[in-house]
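A quick write-up on the structure given underneath.
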Amino acid sequence: MLTTHPFDDDKLREECGVFGVYGAEGAAAMTALGLHALQHRGQEAAGITTFDGKTFHSHRAEGHVAGNFDSEHVIARLPGTVAAGHVRYSTTGDTALRNVQPLFAELVSGGFAVAHNGNISNATKLRRELVRRGSIFQSTSDTETIIHLVATSTYRTLLDRFIDALKQLEGAYSLICLTPEGMLACRDPLGIRPLVLGRLNDAYILASETVALDVVGATFLRSIEPGELVVINERGLRSLRPFESFRPRPCIFEHVYFSRPDSIVDGSSVYQVRKRIGQQLAIESPIDADIVVPVPDSGTPAAIGYAQQSGIPFELGIIRSHYVGRTFIQPGDQIRNLGVKLKHNANRALIDGKRIVLIDDSIVRGTTSIKIMQMLRDAGAAEVHMRIASPPTRHSCFYGVDTPERAKLLAAQMDVERMREFIKVDSLAFLSIDGLYKALGEEGRDDAAPQHCDACFTGDYPTRLTDQEEIEQPDQLSMLGERRAI
Amino acid sequence: MLTTHPFDDDKLREECGVFGVYGAEGAAAMTALGLHALQHRGQEAAGITTFDGKTFHSHRAEGHVAGNFDSEHVIARLPGTVAAGHVRYSTTGDTALRNVQPLFAELVSGGFAVAHNGNISNATKLRRELVRRGSIFQSTSDTETIIHLVATSTYRTLLDRFIDALKQLEGAYSLICLTPEGMLACRDPLGIRPLVLGRLNDAYILASETVALDVVGATFLRSIEPGELVVINERGLRSLRPFESFRPRPCIFEHVYFSRPDSIVDGSSVYQVRKRIGQQLAIESPIDADIVVPVPDSGTPAAIGYAQQSGIPFELGIIRSHYVGRTFIQPGDQIRNLGVKLKHNANRALIDGKRIVLIDDSIVRGTTSIKIMQMLRDAGAAEVHMRIASPPTRHSCFYGVDTPERAKLLAAQMDVERMREFIKVDSLAFLSIDGLYKALGEEGRDDAAPQHCDACFTGDYPTRLTDQEEIEQPDQLSMLGERRAI
Amino acid sequence: MLTTHPFDDDKLREECGVFGVYGAEGAAAMTALGLHALQHRGQEAAGITTFDGKTFHSHRAEGHVAGNFDSEHVIARLPGTVAAGHVRYSTTGDTALRNVQPLFAELVSGGFAVAHNGNISNATKLRRELVRRGSIFQSTSDTETIIHLVATSTYRTLLDRFIDALKQLEGAYSLICLTPEGMLACRDPLGIRPLVLGRLNDAYILASETVALDVVGATFLRSIEPGELVVINERGLRSLRPFESFRPRPCIFEHVYFSRPDSIVDGSSVYQVRKRIGQQLAIESPIDADIVVPVPDSGTPAAIGYAQQSGIPFELGIIRSHYVGRTFIQPGDQIRNLGVKLKHNANRALIDGKRIVLIDDSIVRGTTSIKIMQMLRDAGAAEVHMRIASPPTRHSCFYGVDTPERAKLLAAQMDVERMREFIKVDSLAFLSIDGLYKALGEEGRDDAAPQHCDACFTGDYPTRLTDQEEIEQPDQLSMLGERRAI
Amino acid sequence: MLTTHPFDDDKLREECGVFGVYGAEGAAAMTALGLHALQHRGQEAAGITTFDGKTFHSHRAEGHVAGNFDSEHVIARLPGTVAAGHVRYSTTGDTALRNVQPLFAELVSGGFAVAHNGNISNATKLRRELVRRGSIFQSTSDTETIIHLVATSTYRTLLDRFIDALKQLEGAYSLICLTPEGMLACRDPLGIRPLVLGRLNDAYILASETVALDVVGATFLRSIEPGELVVINERGLRSLRPFESFRPRPCIFEHVYFSRPDSIVDGSSVYQVRKRIGQQLAIESPIDADIVVPVPDSGTPAAIGYAQQSGIPFELGIIRSHYVGRTFIQPGDQIRNLGVKLKHNANRALIDGKRIVLIDDSIVRGTTSIKIMQMLRDAGAAEVHMRIASPPTRHSCFYGVDTPERAKLLAAQMDVERMREFIKVDSLAFLSIDGLYKALGEEGRDDAAPQHCDACFTGDYPTRLTDQEEIEQPDQLSMLGERRAI
């Protein structure tokens, strides 16, 4: 079982990717491919549920998609032309297998499977009410709350029960559900997490990112819109708008780091946005230097943009290993920065004596930045000027992203000059918040009605944070202290 | 993972054993020992849940107790002085891990774990109602019905909710439940399945059989009585009688085969009863022969009784292997009765030329009897007179015993003379039903008010069989056809 | 992987069983069955090598035959009509897989596989010479010495090389070898370890015990004689006598404990010999008592013999569990004799108040005897008279049997009366050495030319013990201190 | 177990990397790190052997270094200050564990462990002679031949025996050996495979590439020279020259593809050489285009060089997945080029409508090139001009590199124009052989005395190929047809 995160520990982590197929032979095999293409969105566990017209079939496993879902044996046990899949990096709920999605329940309407990207910010409160009325939870996942709300809804039809459940939710959710009556997919009213729609012959495909459409050969049709609910069944696709209207605020960090550079997110090429970020960064924070070096691979597109804008050559000054592994035993005191060297190594012959512009996508706790700097100094770098392709990350995310508690965020503790001293670089600059919006094609941030959720940079959360408020008044929550046994 | 049944395939199989500890250090380790001593009651899976005063801990696994619960690592993860354990051979519910008991749920009253020996004969009907009202089942086990009935009960206290649930059940159940308020244990009003109470210093021990008390060094106090509910908490043990009064009818087959010979079941030594069965059989069906040979090990006590009564020497004419394993590939046509030889081998030097009284405990489908006979003939037996230590098994059991469907029971298909021809023995005789009751110390069966459940011999079922009646009118049960996904 | 010994720890342990087939379809499947029937001779590892006329195929594994050799997958990878198999409890050589037999080497004559029961008592000396001349050993097994002697022999034909090798060996060996030129099987000049020959249609079968012939349906032809070498190839079976003549001295302990009761060893039924041992014991050491109780299962035949001779009833006063497992965590101080209870439990209802004759096959260190006694006392036994079905075990075995070092043998430390006090029985008696020979049909032991190897009782070893002598002069053996890496 | 090659199937594959430590605490942990940094040289298996002054310890496993050698448990079982390690992609010898290096034998001089990068081109002939004289081989690896030559050498000292063995070898070998007398390391007289020497405090480090020195914090001292034998023991490092003098011919493909870009190979920075290759390619084969796109990651440095030389922008037109996995089940006919998409995806928003210079390091069979081309066409590329950073690969390698048989090499089958048609690119050009030497700082290839082994491009093999000659006259080799069991 391989679950190691290939990206650095010192990153915000998107915690989920979802994928769905309606109406294709080999739906499970297709979903496995789609999930593999979304693996960067969640490496701890994966699951696929299929429906063959009569029966639901499910396989869930800890670890990567490859290794768990690439055997004929596993795929053969997942028959049907309808499938939903999920990759997961846990935010709420512990890592046990019972929390691996899609979650499934047998309702009076028949089977119901759900794959969820996002986080329900009032899940704890809803759960407490449901338990009080006799519901028994199988998992510690916030997603299960949705199923119990559907199960106990007093509406008559499954669709009405589902809408009834959604209306009680607060937070971020892109959902794909399988039911005997068809596939239900929706995006929360603010559209915080992405969800796209594609077509492959007669089949509909849903995915967190367009790269998953590419891998199965599907055509990208459009994004599911914030607040949109689509019902796909044998009569085709029907779009509903069950919520009152909001100004959408999709997550801006998808463009900075979460999404793959070859994806199209809400209409923009991620690679082009990141290059424009690098260009904007070169305009905002120019410097005289010999080479532009990315922290690979997340800093690479912005570094190319910076190099093109500034005319300073782009070079691979840090080589990234293709092999994961960070738990090696340290043989003695003599090895500095062991962890970073397992993943990144200075290209010493290039670095020695050079003035370097070092590009990274963001700084979270700063633990890796300080080690990479030391590695470059050890390799003989004359100067290092660090340029960060986003504003300072100062606030936690409660919408399905793994962030350290606020106190651990470097930018929540110190200003830029103190960060520069801490990391020991010759100069340090972040992209401005308006610069980030410009790279996305806006004129700047509309502070009155922001175009994106940028709470990690601004602290401006677009929804209530009910559970979070209760945690800050923790006296009522004793029941949560009891941990559910396996 | 070892799950092979060491007894023969052609046996009725008890499907569960339960064990509980209240108030002892090392409760989990003690429960592991107790379950090991009850392993003959269920070899497919085992589980232990403990409560440490704050939190419930659980480990469940497919396979034997040894191998799953004998490591320090596993036991260390099960802290607390209160524990319940379960061994299982599946009757209802498929073999997936989620059906392995103790089942657990987080109720509004806190954690609730249940270990169940028996079978609820109206579980399907109750489940359908619960789903209709919004309950979501985690397993396909009949036992989960009990938890949902408790969860959704409108009574106020946990004890009242539990009694409310029990009153809706029909069938056989010996239950051990862990709650934050103490341990609850009960036996159904007819006392179909056994449950005994022991004491070890200050701790109370509950178990399906006294042999599990022996292994942990506990003193046997008494059987839990049919219809009795005991509550054990820090204030001690309290006995309740929540049901109206019935004449008890404990399972008679526990004495014939299920229980270990060194157990005391409802006041009788199983070994002594089996020896008296053999003596009674010698009285009812005497024969002139050279040696008395048991089919080991289940026929051995009755064979000793037969030999002592008849004066014919007891000899080990069939040697049983200590090593399980029945799935060996057959190398060619030349090997007759491969399966039986892996387990039993004729002691050829002894058998050759002898007139044999062959003692077995029961005949279910007759598949093994016919092979053992052939093996004895091949070894040179002059005559074989088969004597069966119970009446003909003619009816299925619906109270927690794995029986073939009725049509596969040999005694449901033919009379004794045709069975004799089928098995190819020189003579064949079964114990009479009155003879069986005599071996148990009765004057005979009281047909007006039978002292035991003997439905497998007589077809006289002591409860309604609600689900069974519906299966025989199957039109309403379409929902059950859908198999729950993992 | 299951390797736990189901017999008691306090036993001498035969360390190997061998099985061979020449000329049968499904030779590997047949060998798997044969090894399963010989499992009591070695539970730590098993292996099968086959030859398909061109290529050798081999599968070796730690653990039982069942579980490792009962899958179609494994058997399908072992094609050919010729096979040799081995079960092993390690005496020399550590437990690594490379020591699991059959060992195989590619010689100039082609492949050469060997399965060995016994122990070469000058293996260390031979090995040292071979290494000096450039041989590289793959294993730490004494058996590999044989292969290197064949490989480096200067004789021309394979048969002459094999005989050249055998003549340099000292100790006990029953060997089955596969070569491209046919199967070679032999028994050392004293015939210390057994080897029998059977026939199944056109095929020849070789096995350590006749019970392995039974399981595959083969006819027992005869024992391979001490000092006999048989060559089996497409021209049939040829018997050679390469050694000068010795008086055979087969191991007497095969009759006491090692062999299965349903085997014929060197012409005698093991079950009948053990019953006669019990009768002889009743004659030599009578006692007034209520019941005769065996320590099951090894004491059972002798107990039946004792009961028949004495007229005291045979009863199952100790019940043996069918489930292995001895490593359970002890929950606290209160449990006496945990290990013994996992395997044996007193049949309390029977034992209480009785005067008991307790029959066991032998006493090695006495550790189990003392616990069983305590268990019987706890169950209320009035008197316990222990009768042992062999003479006191006072010397170690160097011929392929796992014995404790001499100082740990109870009978090497104390006389019978002190043993009685130590075990805390009311009386204790062993069979006399002459009584043992009588049970085998002799008039008594011929001290001038003993009919058996009985060194464990008498210290009269039938061969030199070259390596043992060197260990007692350990200065020359520094190289052995270095442990071979994997 | 993860063994999937993260690079493309259509590459030549270096089959081994070696690493050694003499004189450091934590030698095994250090070796694990070094091997992890050399993982690109062999992904199928890894092994480490240590020597603690008395005893050798070894752990070998199939799969990656991470996962097998990153646990405290494993490292703790490898004590000592001296260690040798090996990563392996099999060329000769099958994939069984017994072929995983370091190989070990107990010689008369004590333990002897060897880790080998390269291939002995007369190993089969040497093996046959050794078997004839009685040597028994444990593996099918050519490396074992070296050990038997040492074992059977008639010289007196271990060093003389080792030199005696080396002198009989033909082919490529960089060796690290552990003996009780110290570490022996050498490089064959032509220095075909690399080996470098480093220093970390008092310890000496040996490794296939300098990147492995970087990861443990060691200083790079120098390359071991072709034909040099170093002996490292407590008295320090001693350099010997046991061979007559040859003109060195180190492998040129290390610079093209095998070595990591951050390594220094025989004095040159691999990254800088690859950039110069790209520049040379732009000079030799210019083209008018919009963007330069590498096939990542092996084509990236050359693409940067090409872009800098030509002034055409460098862009990430193909995105590489960080997640391995190529065995996914194909869901249906609709998915073109499934395998390539799992690893590479076109950056569609960038590619669409563009004229592209596509840079790859080499073409082996052409199977991947054709798929990548199709992928770029599907993404809307207007023109694709392929430029290959090496000459056409026309000959197999017999010196430790996995190459297809010659007939499968695309450049052995067709000329450049036909290759262009086959791959369906608008233009195709390879680097010239002189251009490659120029990028290495030479004036061009010295055809009279070539500075490198470039046989894969030129067919000019620097040694005899004895075994290969025999395979082309295969009548004498029947014995090899027999496959060794296990």
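By written order: A, B, C and D. Residues from 1 in each chain.
As a convention for this text, a residue touches a chain if its C-beta (ideal position, glycine included) is under 8 Å from a C-beta of that chain, and two chains touch if they have at least 3 such contacts.
Every value quoted in this text rests on a predicted model; they were computed, and no experiment measured them.
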Do the two copies chain C and chain D share over half of their interface residue numbers, or under half; same or different?
-> same
Most remote chain w.r.t. Chain C, using mean C-alpha positions, is A
Between B-C and A-B, flag the pair that has more C-beta pairs in contact.
-> B-C
Please report how many Å separate the Cα centroid of chain A from that of chain C, as a whole number.
-> 63
Give, as an integer number of Å, the spacing between the C-alpha centres of chain B and chain A.
-> 51
Where the CA atoms of chain B average out and where those of chain C average out, how many Å apart are those spots?
-> 37
At least two other chains touched by the same residue of chain A: list those residues.
-> none
Within their complex, state which residues of chain B touch chain C.
-> 2, 4, 6-7, 24-30, 32-33, 36-37, 39-40, 64-67, 69-72, 75, 200-201, 211, 214-217, 260-262, 264, 269, 271-272, 297, 300-301, 304, 308, 313-316, 319, 321-325, 327-332, 334-336, 338, 341-342, 345-350
Would you mind writing out the residues of chain C in touch with chain D in their complex?
-> 49, 54-60, 104-108, 110-111, 113, 131-138, 147-148, 151-153, 479, 481-486
